[in-house]
Amino acid sequence: MRSIIPDYLTEVLDAVRPDASGEPAGYIPELAAADPERLGAAFAMVDGEVYGAGDVDTEFTIQSISKPFAYALALADRGFAPVLAKVGVEPSGEAFNEISLESDTGRPRNPMINAGAITVHSLAGPAGLNATERVERVVDGLSAFAGRRLRTDDAVYASEMAHAHRNLAIAHMLRSHDILVEDARAVVDGYTRQCSVLVSTRDLAMMAATLANRGVNPLSGEQVVPEPVVRQVLSVMFSCGMYDAAGDWGTQVGIPAKSGVAGGLIGALPGHVGMATFSPRLDNHGNSVRGVSLFERFSSDMGLHVMEVPATARAALRTNHVVGSGPEALRVLELQGGIGFAGAERVIREAVDTSYPETRIALDLTRVHSIDDVARRMLLEIVRRLTLDGHEVYLVDPESIMPDPDPGDGGRVTVVDSLDGASGPACSG
Amino acid sequence: MRSIIPDYLTEVLDAVRPDASGEPAGYIPELAAADPERLGAAFAMVDGEVYGAGDVDTEFTIQSISKPFAYALALADRGFAPVLAKVGVEPSGEAFNEISLESDTGRPRNPMINAGAITVHSLAGPAGLNATERVERVVDGLSAFAGRRLRTDDAVYASEMAHAHRNLAIAHMLRSHDILVEDARAVVDGYTRQCSVLVSTRDLAMMAATLANRGVNPLSGEQVVPEPVVRQVLSVMFSCGMYDAAGDWGTQVGIPAKSGVAGGLIGALPGHVGMATFSPRLDNHGNSVRGVSLFERFSSDMGLHVMEVPATARAALRTNHVVGSGPEALRVLELQGGIGFAGAERVIREAVDTSYPETRIALDLTRVHSIDDVARRMLLEIVRRLTLDGHEVYLVDPESIMPDPDPGDGGRVTVVDSLDGASGPACSG
Amino acid sequence: MRSIIPDYLTEVLDAVRPDASGEPAGYIPELAAADPERLGAAFAMVDGEVYGAGDVDTEFTIQSISKPFAYALALADRGFAPVLAKVGVEPSGEAFNEISLESDTGRPRNPMINAGAITVHSLAGPAGLNATERVERVVDGLSAFAGRRLRTDDAVYASEMAHAHRNLAIAHMLRSHDILVEDARAVVDGYTRQCSVLVSTRDLAMMAATLANRGVNPLSGEQVVPEPVVRQVLSVMFSCGMYDAAGDWGTQVGIPAKSGVAGGLIGALPGHVGMATFSPRLDNHGNSVRGVSLFERFSSDMGLHVMEVPATARAALRTNHVVGSGPEALRVLELQGGIGFAGAERVIREAVDTSYPETRIALDLTRVHSIDDVARRMLLEIVRRLTLDGHEVYLVDPESIMPDPDPGDGGRVTVVDSLDGASGPACSG
Amino acid sequence: MRSIIPDYLTEVLDAVRPDASGEPAGYIPELAAADPERLGAAFAMVDGEVYGAGDVDTEFTIQSISKPFAYALALADRGFAPVLAKVGVEPSGEAFNEISLESDTGRPRNPMINAGAITVHSLAGPAGLNATERVERVVDGLSAFAGRRLRTDDAVYASEMAHAHRNLAIAHMLRSHDILVEDARAVVDGYTRQCSVLVSTRDLAMMAATLANRGVNPLSGEQVVPEPVVRQVLSVMFSCGMYDAAGDWGTQVGIPAKSGVAGGLIGALPGHVGMATFSPRLDNHGNSVRGVSLFERFSSDMGLHVMEVPATARAALRTNHVVGSGPEALRVLELQGGIGFAGAERVIREAVDTSYPETRIALDLTRVHSIDDVARRMLLEIVRRLTLDGHEVYLVDPESIMPDPDPGDGGRVTVVDSLDGASGPACSG
């Protein structure tokens, strides 16, 4: 019965699956050979719960999705000033592999284009690391974001190095401006290894959730990078993460995001959720075609947009206790604050995914001050499923904060003003 | 006693006042003659309360700050598709007066550069308006955002038209691409009138608050533009509002913002607050020097950054009632939800700015699930001032959600587990 | 019998005629309605002789071909310094209607792009002319180049003004940089009139010949502009005249040239010849498709390339006199110097186009020090035609400067060491 | 007495010597350490005569002056099509080290910028050469242009390779576009060796003279590259040789030219002369400051501009013979054709640089059809010097082609109508 969100994810995967437009990245055989039909999506909540549908455990190379995480590591390891001195934060409005250096200083425009990402790789870890140690630092850091030990795909690494002409060009150009101060080829080698780290969609969702959770990995509880670093990374993802489509993304989707040429795509909504999708066919910006469609659905279906006023997930569920005993026992789920997608998700887990022995269940909205549309629909779906499972469901809503409380399709709910009403007569929706 | 926030604003104004760098805009005599020492700042909360310090009632021309509002009007009046067909949403990374048209279509890159703003002006109001009617529509719309009737400065308008060579160039270029479909000069004339609307810092704060309040003017309650329009406008302000410094602004300040050459600067934090500053000296990006410094302070002092997880202001104060009577009467301010700057501000108004006859006052945090650092400091300052005013203050905090409740410097508070404790013995902080 | 060069021109016109690729300029109805099959070519020698084939007397608007001539007038009327201060001489590598202003000064990159040409128009005539007087100055000047009174096409002018959005944009931009210092629209109006001057292919060839002839109109003998001006104009035509195809043109054709959207194309080879073609279909650079092909033929067939070492036409024919009388009378055409295309053309006129009563004709090469391949072929064709006309032809060539003197196909020549040999026995080719 | 032209060169060197502006190239120690006061100039006539003044035998590295010669070699070795497929001919209007690749194909804009020159190096010699063989081919080719065996400076080569970051960047970028199809570093290595070839100013003048002489080295008589290759190379030098100052150079100087960062500068005037200067201080375009000034003098003093109509040097001197014997013996120098600088130079050599026993010397202008101003002044200086050497000088000028024949300052000449007049009474100038 843990399936409301997985059902939703399955539904949207099915909706985008017929779109076979785009092509997998073709510049190396290893990527060109990817199965183009692979499709997966996962949500990782800031408390560590993960929902997935489709191919969420298939591994693929992280590619450019490593960029925001490596940027976070560099900021954490070196501090803001040294990193900002070498890599800007301005959107370039250009494709990922444009050189885009500032004309006077040679500073890459931002850390999401290759020039910036190569420079960022060279700034990961404390100064003085050799190339091998630095790759270790980066793989360790990415693993900390993911909450499990990651490893590189050596075949992809080797093939990419054999085709790394453009990145070598960029690195030598950076070397000529003293943005890189060590051997250009060695840095490209390390950066290429960084891009060849293998991840699943599930891993990516968890990495994104670590960003959404102020830098704390929801599973391990480790503060992977400090909170100001996360704010910086999310800001840069918002304005530069989708390359030359940044503006469209920022307005239509509104979720800080990053894509990779192997077909991955992540988004992080601060305080709420980390999201990831996987589908190898790319559009002409180099972003996953179906991945972009999925995120557009996520944003419009769930009101996930940084310029909206999302209610936070924090402690949406205040208490979960039983009042009374025997056949009159009433399971009370007390909600509080503003309830949005993420808050409703917490309730789902408590109310639906667990099988309660009590027949009577109450959702107590007394301490809720607002509830958005997606959360309302989710709560009503909870009610409906609980009804179908044989429960008698009460909605404690003294201030009528839940409009039109009709769960429909077999659901049934009794709206009351207080928990006391859960025993007496009440109107039913 | 309504002075905690004004005190703060006065303090930061004093901090930036010595910075006399930059120059007022000099391209027309009317702007060049502006008193460069003028300095003001205002906050307008989403419920209509306004705080100000300095020259908040001095009128000046709105200039480019009209751009996001006119964009909102065009989106509301024409719908998204016709406007997006004519003006993009991609950051240009260029100065405000760059032409920045897409090479194939001639579409301006975004509505915050002049090319986009001139096009947007032509899209305000329903199709078919003549030039005069369109100016009326825009002035009406700006007035609705401000919550009072605004008017244009005809001397500034006339002087700007006499120096509008570059805007005329842009408009003719737009006409050549059929982005404009009417007389180029007439559109520039209307746009110039739009820019010459007179506003005070207080007005600008209220206009920004309308954006922060999902498009509803906090004073009039009018839904000036629909909520999806606001989301679009804020997204574009975030990525394009500060021209070629957009990335720095987005990371360091993180507040959707817009500046004008007369020295105004606004910011809107969704769900929280509209902010405005006024200081005529401009940096080489064309942004107010002190204004930028002020916003940097606002962001860092108050944790106002869209990539953080702000607690909303919505109904932070649940109830304000009196329990008991006579000398035992207890004034109870019941808070709820997550408390951030904007929430704490609501409490200040209730707790401090009003003079209560009751000696005993309780801040009830029972329904509060989180409180951020700036809010914590504000609440403690409330406590301190209430103490100094002779009140006996209680903090009802059964879950110890307020860390280290020491108001300091003459303040005194009794922390209790429930309102009942406000009569009995308790620990004091 | 004046037909060797016309025959050549007819032959190359026939060769390019089947190429129906490209389209006439379509931005105004008057140009779109041009008969796309019109085709003409003319050569004007520096002594005023004109050869033509095809539609050489059809009038069409001069359009951008006016640019080098107006530039010449401005340089002559104002001097170099004031003009160079406002318009550069660097190739822009861009299309004709690109704005291409220097970023710091707003100076147009060169006088062949519209921005430069509009500025140049404003500099024609002495300072202080009003707009009408300036147009008169320009039309007078163009007429002086052509050697006849030219007039404007008012319908084309009016139609172009109604579509002059882009040029108005450019002019307002120039006004904003104080490159233009008068009313932008008035300058565009004058420039549009300049472009609407009606010329025939014959006129254009004569205008080009005036440039090839150090600024002296070959017909009128008027020094239209000083010689240093001509050098400047030809240099700029060479590097900027064919817009973004300048380099291909410079290497493959090597003739300073200028095209117009009505289908005209001119070239000027210093010291030799002015050339013009007319065919309205344009390639995607805006140059006449067949015109470009014709010039490629001219260059390769006749060795006309500024980076070759052409022998000059000056006084190739030293004397034309008769020795002896009666049946022994010998018409002697004494050549001198280096003989190239232009020199051979002079000889054709004297030897073939005139009908001499003398049966015996001698071409005396004693004073000739070199002869290039095209000139050799032309001289042999002269011999052949003279033979066919019944003449007995002698070639006085003591130093065997003419290799392989076989006129072929009915021609016959007797090669001798001196004029004395024209009476005695000699070898025949 | 061979000193008229050396005197001129010495004079102009003295004129530019006080200009100590600019700095030697500083990016490697070997160039930074160059003696900035070195100054030399040389002319090499198309028949092999060389004139020089100053440090004409000091060796320095050829640097970018190798570019046009390597381009010539590639065109000769591979043919036009394969080279044009890889390197364009359009001016870039950019600095020498800009990448300037065509956005679609990655083709460098022209062979004079580094991207083009690196590509050109890879195309020198037949396909299939290894890197070492290719360097040999290039050094052999440069030597053939110079007419003597050249060698590389290994210290400069090694130092440049250690600082070749930018060229490595360019080469890797070219490799990414398959413009280079072999190891990027190896090509840069070869190109760097090419740039390190040691030449003197004298060598450079001879190399330029080989271009001016249709590809035939004036000393060795070797056809180093075919004539169409020379035309191509000169055209590209004219439009692209002076980088972002190409237009100024083309109009003001008008001589196809190329500069090198070691301070060398060459120019080639087709059919006339190769010129070279050496002075290490560079302007901000990377061109020798004094070198540019010298070429401006050469152009204005001698009318050397491709857009003028220069009279060619070919056989300006028709015969040099003695008429009569004993004290009446008359040395006759018979001139012909058009006489310009280069023609007059030939006369100087015959008339002045040789010591004739005959007292009476005649310059016979009967077969001369034109004479330009610099040639006139040179001929009068010849007359003056012959007078001072005790000769009695006659000018045979039946058509008064020499205006104002006053040699001045001790010179004396008798103008006559025919050689017969050299015995009888005549007017003297």
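First chain written, first letter: the chains are A, B, C and D, and each begins at residue 1.
In this section, a residue touches a chain if its C-beta (ideal position, glycine included) is under 8 Å from a C-beta of that chain, and two chains touch if they have at least 3 such contacts.
A quick map from chain label to UniProt name: A, B, C, D = Glutaminase.
Given the structure is predicted, the values throughout are model-derived calculations rather than measurements.
Here the chain-to-chain distance from chain B (Glutaminase) to chain C (Glutaminase), counted in touching steps, is 1.
Averaged Cα coordinates give chain A (Glutaminase) a centre that lies 66 Å from the centre of chain D (Glutaminase).
Once the centre of each chain is set as its mean CA position, chain A (Glutaminase) and chain B (Glutaminase) turn out to be 29 Å apart. Shown for chain D (Glutaminase) are the residues in touch with two or more other chains, of which there are none. Across the assembly, chains come into contact as A-B, A-D, B-C, C-D. Listed in rising order, the residues of chain A (Glutaminase) touching chain B (Glutaminase) in the complex are 88-93, 109-110, 214, 230-232, 234-236, 238-240, 244-248, 250-251, 254, 256, 270-271, 305-309, 311-312, 314-315, 318, 336-338, 367, 369-370. Listed in rising order, the residues of chain B (Glutaminase) touching chain C (Glutaminase) in the complex are 99, 165-166, 168-173, 175-176, 184.
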